[in-house]
Amino acid sequence: MRNPLRRVLLILLEVAVPAAVVAAWWVWSANADSFYFPPLAEILRTFADTWVFERVGNDVVPSLVRLGAGFAIAVAVSIPLGTVLGLSTVVRRVSEPIIEFVRAIPPPALLPFAILVLGVGDTMKIFIIAVVCLWPVLLNTIDGVRGVDHTMLETARVYRVRGLERLRRVVWPAALPQIFAGMRTSLSLALILMVISEMVASTRGIGYFVLQSQRSFDIPEMWTGILLLGLLGYLLNAGFALVERRVLRWHRGARASALQ
Amino acid sequence: MTRTLGWAQTWAGVVVVLALAELASRTEVLPSRYFPPISQTFLTLVGQLGRGSFWAAVGHTLEGWALGLGFAALLAIPVGVAIGTSRLRYRACRVLIEFLRPIPSVALIPLAILIYGVGLESKVFLATFAAFWPLMIQTLYGMQDIDPVAVDTARVFGLRRSERLTKVVLPSAVPYVATGLRISSTVALILAVTAELVIGSAGLGREINAARAGGATELMYALTIVTGLIGWGLNGLFTRAERRVLRWHPSQRTVEGGAL
Amino acid sequence: MTLNVGVIPIVDVAPLYLGMKKGFFKEENLTIKPQTFAGGAEILPAVQSGDLQIGFSNTTSMLIAASKGLPVQIIAQGVQEGATESEAWTRIYVRGDSDIRSPKDLEGKTIGINTLQNINDVMTKAALEKHGVDVSTLKFAEVPFPEAVQTLQQGDVDAVAVVEPFGTLAEESGARDIIPSIYTVEPSLTVATYFTTEQYIAQNEDVVERFVRAMNKSLEYAANNPDEVRDTLGSYTEIPDELIDKVLLGQWSTDLNQPSIELMGQLSKKYGLIEEEPNVDELIWTPGGS
């Protein structure tokens, strides 16, 4: 693992594989001659024309603000809620059918109701993002809290660690890796939902841009939107991984990985 | 006795929410013209139950769900295990995964139509694409969160690498995979219905769209409720299966402990 | 011969369903399988992929597609705006208690439109401009038709531009109509058409000819038998029965009204949807012609 040569190789590999995929796409698309699969060269040219930096303020920033707000609300609601549900069988029983019911409604089908209650502005879009991002964090929090080792809980009881103290010292640390797994899933969902929510009743945003490009058959533009979404998703995840590594530093050391 | 109590608890929440919804439209807090009283919506729903076309739509939606989730599981679990057990493979794929994962399948709808047409294939493609990622990520996480004592013990007992994988790593990843399956099941259902909504493949989504486009609000909400109920039912099945398979895991033990 | 036809489940495509019921397509040895979409944007790639042979699309989208070099061909009339003001089925509504009394009062206000940068957008602007409104002061919000009336009533927008059955629903909710939008621009304008691709025509010219013959017969029959049209609506839309009797029907004829399509091209360019006006002669397919 600590072999420097191997490290360099790994980094090379990490660069080489995506580069090979891009090269393959480049060659294939140059000869594809399909209206919906324009040459990659053209997509990249359009990307530079479209996104550097003219539309950043107009489309990217509003999208990211909505995404951030939706995700933050989802996390802020689902961790406490998940803790309560994870700890109490009664509360979990009472709310489970409702949770599972709402969770299974497709977000596009939620739109009419969301518009009715919240109008067509940003609040509605943030609501849609938050509602869907809620579930992975919630489910993982519930599972994480329920999965806390009984010996640990018993030990805490013996030492009279109670209430918030017990949550902070025993329950949350033990559930945290799984909560983070849920948050990571939610972050990707947030990006997806950002697009879905912007496909209705929108005047700007990346999702709106992609949709509008589709509608007006600006196919290279549509592809630049898809690329941008991939890029943003990558950056968001990388940022999240940094935070996660910092927060879970103690845990990584304490758990083995199949990678070793 | 305890069974009855659990049953009562499960339904108490549902009854309260239904009552609140009914009250909201009866008191015009939510205008009843656009959000009909839930009792009327259920009457409409009951009316649908006698229609063959309704059951056909349910069948089509379930077909898309099952195929989408099935393909996703067939692909995501092996890929997750493969990538999660080798640093080399992980590093080679990481960038691609993180780039592709956040791309919303709704943004791919025109491409799906172009390649797979407007029938079942498009629906299954979209559902598979969307359901693949949460399941794979959960599997990946599961592979990286293993009790080091267990791994060391296995080493001490002289288990080979492949044995360690099947006897230690995989079983300890099962709860993660199970949560992943539950999340992906919902995602597959959502995408199946979304595909029906947007590209008109046969199923509940298409019926919802027809109701919405025709101004038949009650029918629209009735069908939306059906999608939620299906999701709830499917989740119930998954939870039950999970409980059976994971009897040995602490997260399940608490449940049984709590039910006593 | 089976034809898969992409449609939107709205009043506009009633003649297709009526024609199927009356056996007009069968006479031409055609079996029609309609496939319903939420919006027109997805129909086009489906036709291009060959999964559908024929699609239904609004005229503006056809013009945009043609200007982007997509090989689409208009083959038959879809639906037209009414010929008289009372028959006009695209209208701009405001709340019943609104201060807005005339088009001029809409200046500086927010109007809900189902799709920006498309037919309703262009027509609303053109109609208001005809009434001397400074359209640069208007604000537009995208609101889907089914949610338009409630959005209007809740005050999120000051006006909405809608089609049937939502115009009738708007009136029932107490909303007041300001002007008919498309009618103000051009009575009997061709709002939507049936189309296919150049490739499909090249390989199946006789099929297309048969479809157009049967379609035209259906359009004519629909125009002369509104009661049967209303009966058909119940079979493929979910419009509630009490509403079916009240909705305004579109105007159907066999004439493509080419000048109105050309006008739409000019307006689409004027409002920045397209950079070049496509040659409408080339966009419309004529049997036996080039």
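Every chain is named by a letter (A, B and C) in the order it is written, and numbering of its residues begins at 1.
Following the convention adopted for this analysis, a residue touches a chain if its C-beta (ideal position, glycine included) is under 8 Å from a C-beta of that chain, and two chains touch if they have at least 3 such contacts.
Everything numeric here is computed off the predicted structure, so don't read it as measured data.
**Student:** Farthest chain from subunit B, comparing Cα centres?
**Tutor:** Of all the other chains, the one whose centre lies farthest from subunit B is C.
**Student:** My parser should flag the chain pair with the most contacts; which pair should that be?
**Tutor:** A-B
**Student:** When the centre of a chain is set as the mean of its C-alpha atoms, what distance in Å lies between subunit A and subunit B?
**Tutor:** The computed centroid separation for subunit A versus subunit B comes out at 16 Å.
**Student:** Would you mind pulling out the distance in Å between where the CA atoms of subunit A average out and where those of subunit C do?
**Tutor:** Distance between chain centres, rounded to whole Å: 38 Å.
**Student:** Taking each chain's centre as its mean C-alpha position, how far apart are subunit B and subunit C in Å?
**Tutor:** Distance between chain centres, rounded to whole Å: 37 Å.
**Student:** Which residues of subunit C are in contact with two or more other chains?
**Tutor:** Where subunit C meets two or more other chains at a single residue, that happens at 41, 45, 48, 146, 150.
**Student:** Multi-chain contacts in subunit B: which residues touch at least two other chains?
**Tutor:** Where subunit B meets two or more other chains at a single residue, that happens at 31, 34, 110, 114, 197-198, 212.
**Student:** Specify, in ascending order, the residues of subunit A that touch 2 or more different other chains.
**Tutor:** Only 36, 112, 116, 214 qualify.
**Student:** Which residues of subunit B touch subunit A once you look at their complex with the stated criterion?
**Tutor:** It comes out as residues 6, 9-14, 17, 30-31, 34-35, 84-88, 90-96, 98-108, 110-111, 114, 130, 133-134, 137-138, 141, 143-148, 150-151, 165, 169, 173, 175-176, 179, 182-183, 186, 189-191, 193-194, 197-198, 205, 208, 212, 220-221, 224, 227-232, 234-236, 249-251, 253-255, 257-259.
**Student:** Report the residues of subunit B in contact with subunit C in the complex, numbered from low to high.
**Tutor:** The touching residues are 31, 33-34, 109-110, 113-115, 117-119, 197-200, 206-207, 209-216, 219.
**Student:** Which residues of subunit A touch subunit B in the complex?
**Tutor:** Contact set of subunit A toward subunit B: 1, 10-11, 13-18, 21, 36, 89-90, 93-98, 100-110, 112-113, 116-117, 135-136, 139-140, 143, 146-150, 177-178, 181, 184-185, 188, 191-192, 195-196, 199, 207, 210, 214, 222, 225-226, 229-234, 236-238, 254-259.
**Student:** Which stretch or stretches of subunit C touch subunit B in the complex?
**Tutor:** 4, 6, 8-10, 35-39, 41-42, 45-46, 48-49, 51-52, 145-146, 149-150, 153, 165-166, 169, 173, 236-240, 243
**Student:** Considering only the defined contacts, which subunit A positions touch subunit C in the complex?
**Tutor:** 35-36, 111-112, 115-116, 119-121, 200-203, 211-212, 214-218
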